Amino acid sequence: VARRLELNADRLFPAEPTVRSIARELYSQVAGRPLVSPHGHCDPAWFAGNAPFSDPTSLLVTPDHYLTRMLFSQGIPLTSLGISEKGQGDELSPQTARAAWQVFAQHYHLFRATPSRIWLDQTFSELFGLDVELDGDTADHYFDVIGDALTRDEYRPRSLFESFNIEVLATTESPLDDLRAHERLATDGWGNKIITTFRPDPVVNPEHDGFAENVAALGTLTNRDTGRWDDYLASLWERRQVFRSFGATATDHGHPAATTADLSREQCQQLLTAALSGRLDKHEADLFRGQVLTEMAAMSLEDGLVMQIHAGSRRDHNPPVHRLYGRDRGADIPGPTDYVEALRPLLNRFGNDGRLTVILFTLDESAYSRELAPLAGHYPCLLLGPPWWFFDSVEGIRRYRRAVTETAGYANTAGFNDDTRAFLSIPARHDLARRVECGELAYLVSEHRLSLQDASELAEDCAHRLARRAYRLRVR
Amino acid sequence: VARRLELNADRLFPAEPTVRSIARELYSQVAGRPLVSPHGHCDPAWFAGNAPFSDPTSLLVTPDHYLTRMLFSQGIPLTSLGISEKGQGDELSPQTARAAWQVFAQHYHLFRATPSRIWLDQTFSELFGLDVELDGDTADHYFDVIGDALTRDEYRPRSLFESFNIEVLATTESPLDDLRAHERLATDGWGNKIITTFRPDPVVNPEHDGFAENVAALGTLTNRDTGRWDDYLASLWERRQVFRSFGATATDHGHPAATTADLSREQCQQLLTAALSGRLDKHEADLFRGQVLTEMAAMSLEDGLVMQIHAGSRRDHNPPVHRLYGRDRGADIPGPTDYVEALRPLLNRFGNDGRLTVILFTLDESAYSRELAPLAGHYPCLLLGPPWWFFDSVEGIRRYRRAVTETAGYANTAGFNDDTRAFLSIPARHDLARRVECGELAYLVSEHRLSLQDASELAEDCAHRLARRAYRLRVR
Amino acid sequence: VARRLELNADRLFPAEPTVRSIARELYSQVAGRPLVSPHGHCDPAWFAGNAPFSDPTSLLVTPDHYLTRMLFSQGIPLTSLGISEKGQGDELSPQTARAAWQVFAQHYHLFRATPSRIWLDQTFSELFGLDVELDGDTADHYFDVIGDALTRDEYRPRSLFESFNIEVLATTESPLDDLRAHERLATDGWGNKIITTFRPDPVVNPEHDGFAENVAALGTLTNRDTGRWDDYLASLWERRQVFRSFGATATDHGHPAATTADLSREQCQQLLTAALSGRLDKHEADLFRGQVLTEMAAMSLEDGLVMQIHAGSRRDHNPPVHRLYGRDRGADIPGPTDYVEALRPLLNRFGNDGRLTVILFTLDESAYSRELAPLAGHYPCLLLGPPWWFFDSVEGIRRYRRAVTETAGYANTAGFNDDTRAFLSIPARHDLARRVECGELAYLVSEHRLSLQDASELAEDCAHRLARRAYRLRVR
């Protein structure tokens, strides 16, 4: 017999009855608030074209490296999950999709007590009305139910967007992107709902695949000689303005370290020249990225774009997997991340200017209480981003608030963002965050460390206000 | 309508009813114990002169960098808080004080769920009888009530000291201090109540402002040529003995790292000579400080002074703020701190000598379970200081006990100290620590990991006995 | 009056009644499962010879560095605990044993709220029927009761093994060990119950006492010239096969860092030659050990032995104690441990091969969520060992599961192992782990993050299945 899948109304709240009842009260207040999603990786083409999603596997499994890495870690070949050796672009045949779904379902028990399981179960139950647990026996039933739903109009991207009650969703694009999807969205009156984010990694990270070609392409786009430092910067500036015209309120920077730099123009030109000819060593590449961060901060002071720094991931730790299956396969592994020395050059120039907003993310939780909360609790320009990646989870959010709040308060944090390419999971992710934040507030109230009235204010902050403020989103 | 300010009798106790009732029982046993304050930064001149405190802002806001940095981080200019660009010495006009108080009150919500809020609310309620919450509307009421109280005799420093039930309070002075305040206190029969602590940073840290002048002044004081290593050490020794005559039982060392060294006399002389002419690089400066720590340990074996090492703060991370407003403005940011290798030279010489006591403090919580508890759980000379600075808080104390106790027990910890220059907050700080310690003990009792009788013993230890023992304070 | 010693049936379960009742239910299911002990340091000669244990002190105090270091840290001389300056080999006279026991008993309060206390109290109560607490007054009573018991047949090693319900116990031997104890056990039909583990540190760590002599002795054993790299490896291989014939399913490697390497054969020969003549610097010694780890992984792919890497302990931090009393006196202190870069060379070669199992242990808890869970949640060959050493405790296990599970799940962890030389504590250690694991599962169930049915499966996994699977133990 299949096991019943039911979502308990009190899920993710602490068990202690007094705390739980406060959590429930706070949550009921914010549960229905629109979703504000200022950072993520959904494909804007989904919403521009509004074509139906193809099949359950391509939609829910193959692109989700949280899922594929866990299966891989337990010996499941990536190919058996429908991931082809050439890349993720190919469409799956119905047979392949169904077989891969079966493999996934048979190993669904691996996700017990993980956030992936919580997000998926909520999606299965609320979005598709499934009421038995996923396993090998129910795999076909799931595949059929979800597959059928996806053919219906109300499961097309724009309909889902609206039924999810999303107020605004930011996607993330390279400066080389033609932004045609966003153009189409603007034409269709969706420009305020789906906005872009300026993510210049491909043209500012000398270690990025095809860096020199990318910088040349940037020059072609802007009709400038991007081998010259001034033109290079001017090109970046011009692309930022184009991005702003498609709603961007933020930039995003995914760097291995939080290094920033403040070099002379001459040094900058030398680094750029060497970078373009592939002659930088690891330290110089880091310095180059760090210089660009400082330049981006200077531009942000001009154009008002909020900076996001996602530091600390060592990408593609597994060369064979990278070679065969490409990026984003779950082999990006964090390491210790220094913020205090690394951010000095940028902070020395702009740290006290409240017109600048820099949002810091970490994969090194030991930095929360030691470095990040003290920095954010002092510098006017700094905010702390929500728990990122491995830490966007029940325990992750709890540890974050307990490590950060006593030093930096709530006002120096940037609210929740889902940071996902798994569009269907967005409601579940926000719901998880809201439940856990309300549980944490209830914990404080139960110990008389916070009044219920203040908790109610902070529940609203966590659910949507902090994110709107941090990302300078206009309320509609 | 203003919101009521009420202190719940069960505040800071865990919510679970069984745990809470045990916590309440343990706390009721120790709540009234005298306050032992073996480390802090109150100004002894307050008690020597016993003049009334001037106004609420100068007393409670401008000198408290926990408050001013949080306000600054949210864009409030320091000048609007009554902090003048020249330094903190100037007295505030009544208008300026009131205006700054208003700014503070309007932003008091920033401190929700922080220890500052807990300390202040308790002070407002218990000391000043205020029964509405502080905000923009009640700011003037607060200013008037507190201001009036400060004019009354029972709010003078010595009266407060007695009404706070403080048994002993240690202040912290430079070797260059003339100790005149302590002399006056001794004359007035207060010598056992307010004692000094020997904090030689200005004459042992080559990176300290005015180091060479300070060392020269030290020579003048002791009539020695402090450019010679032996005289330099002898001068330090002599000042220690003067400090001992004013009650000092401890030294204190605020260093960026926990480095210690054990160099030859020749190397020491070379470092001193170079230090005095400003020729040390960062590494050598660190080595010099480290050598002094080892020398201090040798002296402690002779004169019995307990050593405190407060390591890991990178001071004055924000140069513009330092330049305009001076030190202690909330821009001291921690970084990772190594203890295991750093302390080797000192421990190799003196680590097994139980006559020496070295109390270690950290701003890098990852070191608690990895380095500090294993070190303190082995070396006879080592004790762990209580959670310091950012971690003198509900969550900070909980994390500390859970990270430390299983390896080092309670007996290798040094009890609570408030480490504050905010005199009025001392009762609230001790009360917070006692409540949280009792809550932690109750948690252990509730899981049958500790008997109630043992918990009762440990509650006394945490409240006052461990501090007395660690700092070699005589019980009166 | 002596205080009663009683073990509460609900000990170590969370206090909240709903959580506790779930924990109790899960625990009752697994409490009676056989003990699987795949890693530890019991002496196989105890079971081979099956002689009675001599006295309470030699059995329970002197060899347990958890106990002796805590006492030493509070100023108790090691000699007063019956530890002679020459080493631990000497037998204690009855008078010395009793006097040392008295010292231990008088300071037993130091262990309040530590795992040592929990293990010992359970052993005292369950194994020896003691019903008063240990202290100075009851010391003689304890010494007599335990001493008498040890003379009885049912307290001989083999009887205890069976009454403890141990299914399999792995000991740990050097490649130079003659394995005579295991030979005797095999002859007596105990070969499946007590197995060896291949721990080559003495012949692969150039910084080990007597390294060159050890490598020469290895050559004598295998009749090979171990000064030649190929013969050296072949000798290790041959000894592995001998260990396998005595039941070994695993190797174990206790290294200061997790460094691995992948050097050319020529470089390997150069390092070996230099190592044997004592000419390696610290970095080269680390590289040599790292190269051996990679070679061991290659051999494991051939012979199926599971690799354990216990990294991060800086051994013998206290030279005077090492000189006078030898190794394992509680002066091994952890430090920060990098896994991500250190394991690259090994993982690049073998990381994706599911036939290899490498179990990682840490003494740096900050690595759990930052490095170890992401690595184990990706690489097919990696599993995370249970909380080790200082962290084999209530809080240690809780922190581990909360830091690891959301990223790596349960299936990437290796189950519990007691890692002890304190044979009598084995039942208490497994019991503690089972109770705490069930408490954690109950916590998840109470928040509806896990179904009760899944929790029941995972309770079995944690109690015995994960360990059997990780160490490739055959179920009997």
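Details
Labels A, B and C are assigned to the chains in the order they are written; within every chain, residues are numbered from 1.
In this text, a contact is a pair of C-beta atoms (placed from the backbone, for glycine too) under 8 Å apart; a residue touches a chain by one contact, two chains touch by 3 or more.
Because the structure is predicted, anything quoted here is derived from the model rather than measured.
Shared numbers divided by all numbers used gives the overlap of an interface; between chain A and chain C this overlap falls below half, so the copies present different residues.
Rotation angle relating chain B to chain C: 120°, from a CA superposition, given to the nearest 5.
Note: centroid distance chain A to chain C, computed from Cα atoms, is 40 Å.
Multi-chain contact residues, meaning those touching two or more other chains, occur in chain C at positions 16, 336, 366. Against chain B, in their complex, chain C makes its touches with residues 3, 7-8, 10-16, 69-70, 72-75, 109-115, 118, 314, 317-321, 330-336, 363-366, 390-391, 393-396, 399.
By the touch rule above, chain B contacts chain C in their complex via residues 16, 18-19, 336, 338, 340-341, 344, 347-348, 351-352, 354, 366, 369-371, 373-380, 382, 402-403, 405-412, 443-444, 446-451, 453-454, 457-458.
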